[in-house]
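Some structures to go through are shown next.
Two complexes are shown next, each including chain A; its partner changes from chain B in the first to chain C in the second.
And then the complex of A and B:
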């Protein structure tokens, strides 16, 4: 009997709840993930959620009648799964979400997102708005026809970290410019029996990201404009594989097998590796933890470009997406929220708070980012490298194809796969069979 | 036994009569079973049936379109070594079998050894028992994170110790020839203490006078172990074998902290691979097919053991 009463109370609560919240205000459901493994901000001492709540409060104050419902949805993967499951199950899903830039074609295919292009076109200064973003960061927003679907938000790119003290001990006063220099300098920096490695190039788990820097610098990225074409079995891939394998096998400057991504910053800051390939997202943490002067440089160049010394890097991170399930009123409010989050002021604050590369040029002229760069010029290296950056790997069936490429690359690099030619051919055939229905 | 079953038949007859004569049926038993029945149907039977059904479909490109019925095609793809899912699935299946067998083969004798050591009257036996049992109490992902730190190359404790002996150490998580060994080791460490408890209970059920009789007959320690202890623990061993083999298929959380199945899926396990494949919505047919395969393997194993167990029990009681 008491059970029944409890049940009645619960049911009543559920039936009353919507009427309590349903007011005249428009609520924008905003989902965001964090990649806490790389982004830390000990200086500000503010959690990512607290930062977003601060932004939401500022936005609500400026836009009466709009309420931002800030929802933390876990990792990038959790966020994607949450949204897909909600929508596939007939739920509303969010109005705005930060998702991986590479999720674009999955969501276009599923028909659940809206192109922000339609909203940009209604802006009086739409062209100027778009032109203020770094072009490399916009590449992952575009479909085949050049329509903009998402707005760059928390973006990153890999850079080369180096230990200035260890460099000076070995007689080097500048970072390596190309792969040959990197290998030779690493050799001079390596100490025997694993006491110190010359370079740490993480290849565990998600090697495709760092690896694509090599093929980009050699002039053939895994993807071009079309999301239904992938170029994996190429001379550039074989060349980059040869180089990475030679770092451990021939030069002896890295351990064999695949190398940990997550441990990379600690290995570097503890002095166990003189150089590190890692994301700019780790910059704040590395600068704070390293007991030595940290140098940041472009990734070593490859053969691309007219003079044969092309730099190259992929971009990474998350963009702001707009969802198709929202009502027109919600869409308008959601677009205003996206504009707010991508404003130079917020981008400057967000970049300084997290270490992500602010996506708009004008953000770099505003404080707090401008004064941060004046104090720590390392932050500007990633921004300058953007001139040579390409999009992050993204195509139809992105996750499956990433899986094939990751598994193939780590298999070959670790030595698990000895038939490199055969493995690349098989992988390309599997990718092509996945993409056949999209061509 | 016979009486109670007769009584229940009488009761069923009475209920049937009541139903025929229009008397109200006693609802209490149904109400008592209802919560469990509802929960089991909602969270076990319904998803299980749903899994089997959706393993026969391929999700559409647009979420609003209906899925396509493809029959057993998803299953054929799983066992096709040229297919993108199949090539990994077959590797993962073989890893899983090695992992489960190695865990059983090492941790069960280890557990017996621990139990024999702990089944003595020593001072502070509780401390020893606790220290062998505590890995079983730790949550797997927490334990695996500690192990990931121990195995980390070059910062981890294991390699730091190896370096003091002049060795360069091993890339425990990133070397394709070692990675599966590493994740299996962690599982053995985690499980052995747990099985020790069962053996300890089994040992304490063996009557002491059997050993006294054996000693009077002049049996040595070795003979007592081989001809008394081990045969008398047969039931316990069987139970542990079932549990440990099943756990071998179910324990995968540690992969998240220990290399995530890499390099090149050399240390990946079935349940973790299913979890990884969730990423692409259009794989849901494959995910459900893999789940059905996993459940079938476990069911075949459990049912055969159950039947074997029951038969033996009947043999013993008759």
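And then the complex of A and C:
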């Protein structure tokens, strides 16, 4: 009898004990995609996953009672699908996730995310926190009313890479400043029979991103503040198309058709192209692989910018989002985790480890990023170009509209579409009909 | 006449060799690329090993994911699926081949309709089921949707129907129970079909990505394909084909080795079971 009572007590203890600790420990589910899995700073020598686990350990040590559950969720697209499936299937979803900045309006529409603005407003130094981010990186966080929904995290922007050795051989000691210069210099750098191309401007698959650099530099981006207005059929689009097509057709400095994005870095580092339009995300890889001195420059300025004012670039990459399904305790812990990841210390470490552009100004004054820039000034070019950068294309129905723009641009650049005027008019009409219900 | 035959067989040999080279080309390409230095892309006229043969790509690919855990999980996944499938397709195959019951043909039709539904469309529903059963992020969650197999059922039904009914009758007269009939008559006579089915099942689940990815969150239960996806998702740095090929070869190695060991048996099975 006494034995039985003792057993009951022990069993009770066992059944209660885990729930007590479960109440005390708050778990923040953190989903991260990766677009750079294998690229690690050789000096650091760790995978992206290892970097996040290191951050989580540091955060947990400083915040007892909070546990960060770091979950790899594939590519950006896989991450979006995973989260949508989980929530549609009645699951909780993550508390924090890194997702494309351009996912903003679809997640607002689905009601799955919370505006971080509510949490920023409770901070004693909220304004200073926001002001420390580069404004160009914050543009994709804002809705029409200027409410901040997401915090910049792994951000990038396209730059122009050039082969300093090949430039010197051709008698150039500086990168081109505008498109005319770029085309002429590329001609001098091109070798016959495809041995070497003057420039490699990828247009395959997802041309909208690099292409938007041209229309931004020409003064009319595809989107402005309103997510229900898209400006695709414009003189700026035609101008940029003319220029890109002329690089292969008239100047002969690029192979014809659409060029591969994925192959760009290795074509450049193997010396098969003297200049490359690519993301800053590939800077670390290119510096590591290239057996020559690599120059990094602003993208060439547009028609508006013969005086050097017409620079322009989109931004890209992923932001930190806060999810609505979490309990208030989890939300508080999740917000603390977001603040931690966006702190200057972590942004400096993350930028140096991955090559993403650290999103806060103060991060650039801290090591390891500060010393990296001192050693390799190429890292600072993308940061300085941010002064001319605009948001990445993002609107209601982002994915559908990106699809229309991408296929229209690919069709025209590859030569499959001959009626350029007609293709642009049709695409604009399709976009307008998609957006009609949001106006 | 003989001369003509010899010529014919030589032509046939040449065609087969050519075809098998064509089929082999992706594998050859992967092997070449995986041993090339990372900064030497394949270009016109330069498609063999690069300036030197290197293991760097394998080292880099190996560091990306906990591969040993992934290998173990993939093995648990495909073996766990196959064992249960063998039981279910045997029993269902027998029921539909030899038993008479009301609605049998309708039921068979409904099951076969499954073959036409792409598994992707069921993902949200399957996910909800897994959650309700509290199996999220477990090995069982990976396997559960595959425990029944319409394809396996159809294959076993056809195989069992071709076995002379007299054999079962004889066994029954000797007093064999249903289980003994299955064990001593049907199963031993259907080994080629089982082998063929096992190969199809193993290779398709070994390569399964989306479902395992959606229902798991921990590396401790995730299979090889999830590790491989880390090498694919590199849009921000450009394609790292050399590493990707090294990773792909690591992932397919067990299947390739398995196939080489059992090659003869597999080919016989496919020939006998009429599968292609």
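Everything below uses one rule, namely that the second predicted complex is superposed on the first by the 403 of 439 C-alpha atoms of A that agree within 3 Å, B and C clash if a C-alpha of one lies under 4 Å from a C-alpha of the other, contacts with A are read in each partner's own complex, and residues count from 1 in each chain.
In this section, a contact is a pair of C-beta atoms (placed from the backbone, for glycine too) under 8 Å apart; a residue touches a chain by one contact, two chains touch by 3 or more.
These figures come from a predicted structure and were not determined experimentally.
Taken together in the superposed arrangement on chain A, chain B and chain C clash. Using the contact criterion defined above for the overlaid structures, shared-chain residue A:420 touches neither chain B nor chain C, since it reaches no partner.
Legend: residue contacts after superposition of the two complexes on their common chain; A:410 is shown touching chain B, with no touch to chain C.
Contacts of A:47 after superposition on the shared chain: chain C is touched, whereas chain B is not. In the superposition on chain A, A:88 contacts both chain B and chain C. In the superposed pair of complexes, A:194 makes contact with chain B and with chain C alike. Within the superposed three-chain model, A:111 lies in touch with chain B and out of touch with chain C [touch as defined at top]. By the touch criterion defined above, A:267 lies against chain B and chain C together after alignment on the C-alpha atoms of chain A. In the superposition on chain A, A:291 makes contact with chain C only, not with chain B.
In the superposition on chain A, A:147 contacts neither chain B nor chain C. It is stretch 153-161 of chain B, out of 153-161, 171-179 or 225-233, that runs into chain C when the two complexes are superposed. On chain A, the patch touched by chain B and the patch touched by chain C overlap at residues 81, 88, 194, 260, 263, 266-267, 270, 272.
Here chain C touches chain A in the complex through residues 38-41, 43-44, 60-61, 63-65, 123-125, 127-128, 131-132, 136, 213-214, 217-219, 226, 229-241, 243, going by the rule given at the top. If you check the complex, the residues on chain B that touch chain A are 61-64, 82-84, 87-88, 152-155, 159, 163, 166-169, 171, 173-178, 259-260, 262-266, 276, 278-283. Those residues of chain A whose C-beta lies close enough to touch chain B in the complex are 77, 80-81, 84, 87-88, 106, 109-112, 193-195, 197, 203-205, 255-260, 263, 266-267, 270, 272, 397, 399-400, 403-404, 407-408, 410-417, 426, 429-431, 433-434.
Note for the complex: chain A touches chain C at residues 29, 33-39, 47, 49, 69, 71-76, 78, 81-82, 85-86, 88-91, 156, 194, 260-267, 269-270, 272, 278-279, 281-282, 284-285, 289-291, 317, 355-356.
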